[in-house]
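You will see chain A twice below: alongside chain B first, and alongside chain C after that.
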Partner chain A sequence: MRKIFILLFGLIIVGFTGQEAVVAQEPDFRLRLHQLDNDYTQEDIEVEIEFGRNLAARILSTYKLLDNKGLQNYITLLGNGIATQVGRPELQYYFAVIDTDDINAYACPGGYIFFTKGAIKVMENEAQLAGVIAHEIWHVNFRHVVKPLKIRAKGDSLTSGIAAAIGSGTATARVLFNQLTEKAYQLLFEEGISREAELATDTAAVESLVTLGYDWSSYRDYLRAIESKPENKYRKVLSKTHPSITLRVESINNLAQSLNISDELGKKNANRYKSNTGSL
Partner chain B sequence: MRTDIRAILDLCKLKILLGVFLLCFSPVLLADPYHYKNVLVGDRAATMGGAYNAVSDDSTGAYYNPAGLSFSYGDSLSGSGNAYHSTKTTYKESIADKDWVRDSTAVLPSFFGMIKKIGSADLAIAYVIPDSIIEHQDEQYDISDSHPTVANYYLSLHSEDRTNMIGPAISFKMSDSFSIGASLFYSYRIYRHQQHQFIVYKDTSADTSYESVKLEEYSYMPKIGIQFTPFEPLYIGLTISKSFLLSRVLKRDYSKIESGDYTLFAGAYSQEVDYPIQVSLGVAAYPSPSLLLAMDVDYYATTDEDLQSVTNIALGGEWFLNATNAIRGGLFTNNDNRPECTESSCSQAKLDMAGLTLGYSSFTRTSSFTLGIVYSTGSGKADVYGDRSVIVDMERESFTLLFAAGYNY
Partner chain C sequence: MKEETYLPILLVFLFILIVSSVNVVQAEYIRGLHVYLKESPQYQAKNIVKLKKGDEVIILEEKGYWRKIRAGEVEGWLTRMSLVDTKQMIKISGLELKKTPVKKRNLRARVAQAAVGVKGLRESQVKMIEDSYDMKALEKMESFKVDEEEATRFVMEYSE
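Then we have the complex of A and B:
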């Protein structure tokens, strides 16, 4: 018997060494009521906004804003229009394009959302941009950075009670706060959130497009367009932080099938998109 | 497993020599390797009757099913202390016409554990006390009316029996619907027993005896587990485990004065034990974020010819009244692995038990506090004198008041 156990343990250890890393994330149905975390106070929201602003500043310390006023205005107008429909009403959303050829978009807590110039260049119409905007808004709605980092006004731990850290002004508190900001930056640019969370966000984005009257399949086409690009450094962050595009497209197709919605349903606004982004 | 018992049963021959009552298996009775669920481990798990194999998503998962660690909610610390753990065993009319009642009370921490998520793995370390009894008894029995030769019987004993287990566990989530885990517990059991008996005869003569027993046992227990969901919201857990003995030494000192003659004895025995293989199957249903229902079936397959394979069943439920308050309940069996006790064949006793649990938890954002009770009872037969001359009815009740705290960070 002892040999059998030793053998089984050995097999497991060998098996683990070749196992692809999968971020542990509990399916939602296993979460208990006290883990659903829906009781956010106004103070919590204020802290989230403050934290998101700091994270946005951290991003802008690495990437410049794209110097294209027309495009920035267009993104802001479109983003705010979508946010009024699908965003959290207590937040003021901010949208901007950063000057990098990376293909990605980033959502900071509190409603600070960035798109890369590289992503804008891959898109072909407004429906695709609307899909990406909705996707990022839903990251904020779902608190995909807030929850894992426990961004709260008051908490039982040093990292969760950051209102005091923001307010105290002590060096230690500021160091803690900056460490948390750096963690969030790592989450966006290095680690990513869970696969389940990304797929849930895609689902919400597609449903939003249908609700808004945009062509939902354009969002899927945008993902396919990224997939068709060479796997170079510009796709590196996206590949690292998101599930495979094949999986995302498959998930979207399954959703469309379950909702019984056909392709090419809704507006694309290709001309308006091109007129606002043609200078890139 | 019972070689220590056999050694001690030699003492029972005294009874034949003295012709009076010396309750000779008392040293081993409370060192209870015959039941597998004397202490329900953990807080949430214990208050759900131990039906936790398919749940196991906190640090107690290291003990119940390490595969469940993959579904834990962030890093966490948790510990439970049994504020009060008592066991009362009654042997009906075993000392002439009087009942022999043995009480045990103990305050013990039954569990402490922590989980840390590192990359794709969930690591845990847990400290578990799956069984603990402390018994102190000073009794005088006046049996002059019911016994032909004995006037008084004095019994003074002190017993302590505790099993400590500590070990790491690791779990990997292989897919959205499947996880696998393993744990390895190092176990140390220490059993100490001192017993003094004094018999006063009606002719004013007296006999006395004293014995001291110490048992130390070292073993390790690997456990392998999986959890998977065939369809939501159902989860299934499966574990297999077996303990392996490293060493087991029984030391016994004995002295007696009997009819004016004295006897001294001291011995030490190195013993072998073949522990049972435990296979546990659990099912858990999560019909809503407020409700959890679970069931475990634990099968212990022994190769010891003197013992039997045993199956225990546990049922448990959890209901969230709101986001900060939850209640739990459970039912469980704690069956005896010894064969039936009759006048023709008896291995000390046979006592099947069943129990119920109730619990309440209060939650904050990052912490929880649990209060719970575990009550079990059972009845059976016992061979009090070790030679099957008197088979008596026996009853046992066990009560635990537990409190526990958990912290997510």
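Then we have the complex of A and C:
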């Protein structure tokens, strides 16, 4: 009887150990692409939106909104349609074209997204624009400004406890809020997002395009097209941390192979694109 | 150790083993408005059924960027992009936040006032801080809104 008990006990331990060995696997971050950070509260999201609004207002003091109703309507429809399918469900995204020949796009926390007139002029079809829209949406989804600047409702430092700055009676805290906005502005226009973040966003953008039925390779072709253009402001933020367009294109090609989508043919909607952007 | 002691210890370990071997299935939710369950993990595969935004589903299998899921009685494939792990579907809008406390709308003015108080800035410098935010243009940007269903159809139902 005692031997039977020892045998049973041994079997249970082996079974238990085997179970743990199966569970202990390194999660592939790409397989968790769709999972959002549940660590952020409703209050955090409200603070993110308020901060994003202010950052957007800061951008709009430098760059004017392009006065083109037809184009703006097109961007709004396209942007919101894409955001509904691949954006964060709790955010209302806003899209606008700013009047500059620079080639770039900017995503503020809370869903305020800008495209330059210069970028729209270089694009050849709707799939390229959809790729850039998806890329910016995913910067918001991944919180690529929120996280490095620690924009949360509560925190252990004055800069991270930004809700205190928004409603605070403390003069210092409110001035810090302004400084934080300036820091975010620098991040977007001068320093750039990190290499890993930029590549992760390209991955998400390509997958988004395939999910939406667009031709993913058009987005890659757009990146190639802007690489050598002097108006390309992405080149200005090229630094040790920021990936080159060559690297981004290579990464996209590798992704397409690994996801087995190299031969996936999607829509380009070139005619609809030209009819809505021709006035530029 | 007496044999009577073995049995409870064994039962405890057996219980732990059973509990740990039960897979805790995490529910996921449909992210968008036009999400179709497909027969197989291919974009060109036949659509089985259209799912509703916020529908709860269970993931059965993973294949690259495709997921086999069960939604109610139906099983099929969709891309992982179509899923989100939060049930929060009610939008929080910047415009709605703007409607609440007056103190938030006057934030720029108060920041400028605070700057004067803290650093003794001159009036012209205070104006510079206020001028570095174009709230009118922001409100114009926030007026660019469309119906979610219309926007989704614009993207998903047109192809050339």
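Going forward, the second predicted complex is superposed on the first by the 224 of 280 C-alpha atoms of A that agree within 3 Å, B and C clash if a C-alpha of one lies under 4 Å from a C-alpha of the other, contacts with A are read in each partner's own complex, and residues count from 1 in each chain.
Following the convention adopted for this analysis, a contact is a pair of C-beta atoms (placed from the backbone, for glycine too) under 8 Å apart; a residue touches a chain by one contact, two chains touch by 3 or more.
A quick note: this is a predicted structure, and the numbers were derived from the prediction, not measured.
**Student:** With both complexes overlaid on chain A, does A:N260 touch chain B (first), chain C (second), both or neither?
**Tutor:** In the superposed model, A:N260 contacts chain C only, not chain B.
**Student:** Between chain B (first) and chain C (second), which, if any, makes contact with A:V86: first, second, both or neither?
**Tutor:** second
**Student:** Which of the two partners, first being chain B and second being chain C, lies in contact with A:R220: first, second, both, or neither?
**Tutor:** neither
**Student:** Touch check for A:K117: first (chain B), second (chain C), both, or neither?
**Tutor:** The answer is neither, since A:K117 touches no partner chain.
**Student:** Return first, second, both or neither, reflecting whether A:R152 touches chain B, chain C, both chains, or no partner chain.
**Tutor:** The first partner, chain B, only.
**Student:** Should A:R143 be classified as contacting the first partner (chain B), the second (chain C), both, or neither?
**Tutor:** Touch partners of A:R143: none, neither chain B nor chain C.
**Student:** Between chain B and chain C, pick out the one touching the greater number of residues of chain A.
**Tutor:** In the superposed model, C touches more residues of chain A.
**Student:** Touching chain B in one complex and chain C in the other: list those residues of chain A.
**Tutor:** 1-2, 5, 8-9, 12, 16, 19, 31, 33-36, 38
**Student:** Quick one: in the complex, what on chain A touches chain C?
**Tutor:** Interface residues on the chain A side: 1-2, 5, 8-9, 12-13, 15-16, 19-20, 31, 33-36, 38, 42, 45-46, 49-50, 52-54, 56-58, 60-61, 64-65, 72-73, 76-82, 84-86, 88-92, 94-96, 110-112, 130, 166-167, 171-172, 174-175, 177-178, 204, 207-208, 210-213, 258-260, 264, 266-272.
**Student:** Can you list the chain C residues touching chain A in their complex?
**Tutor:** Against chain A, the touching part of chain C is residues 3, 6-7, 9-10, 13-14, 16-17, 20-21, 28, 31-35, 43, 53-54, 62, 64-65, 79-86, 88-95, 97-98, 101, 103-104, 107-108, 110-111, 113-115, 117-119, 129, 131-135, 137-138, 140-142, 144-146, 148, 150-156, 158-160.
**Student:** List the residues on chain A that touch chain B in their complex, please.
**Tutor:** 1-2, 5, 8-9, 12, 16, 19, 21-27, 29-39, 148, 150, 152, 155-157, 159-160, 196
**Student:** Using the touch definition up top, name the residues of chain B that touch chain A in the complex.
**Tutor:** 57, 70-74, 117, 119-120, 122, 172-176, 180, 182, 222, 224, 229, 232-233, 235, 242, 244, 277, 286, 289-290, 292, 318, 320, 322-324, 326, 363-368, 407, 409
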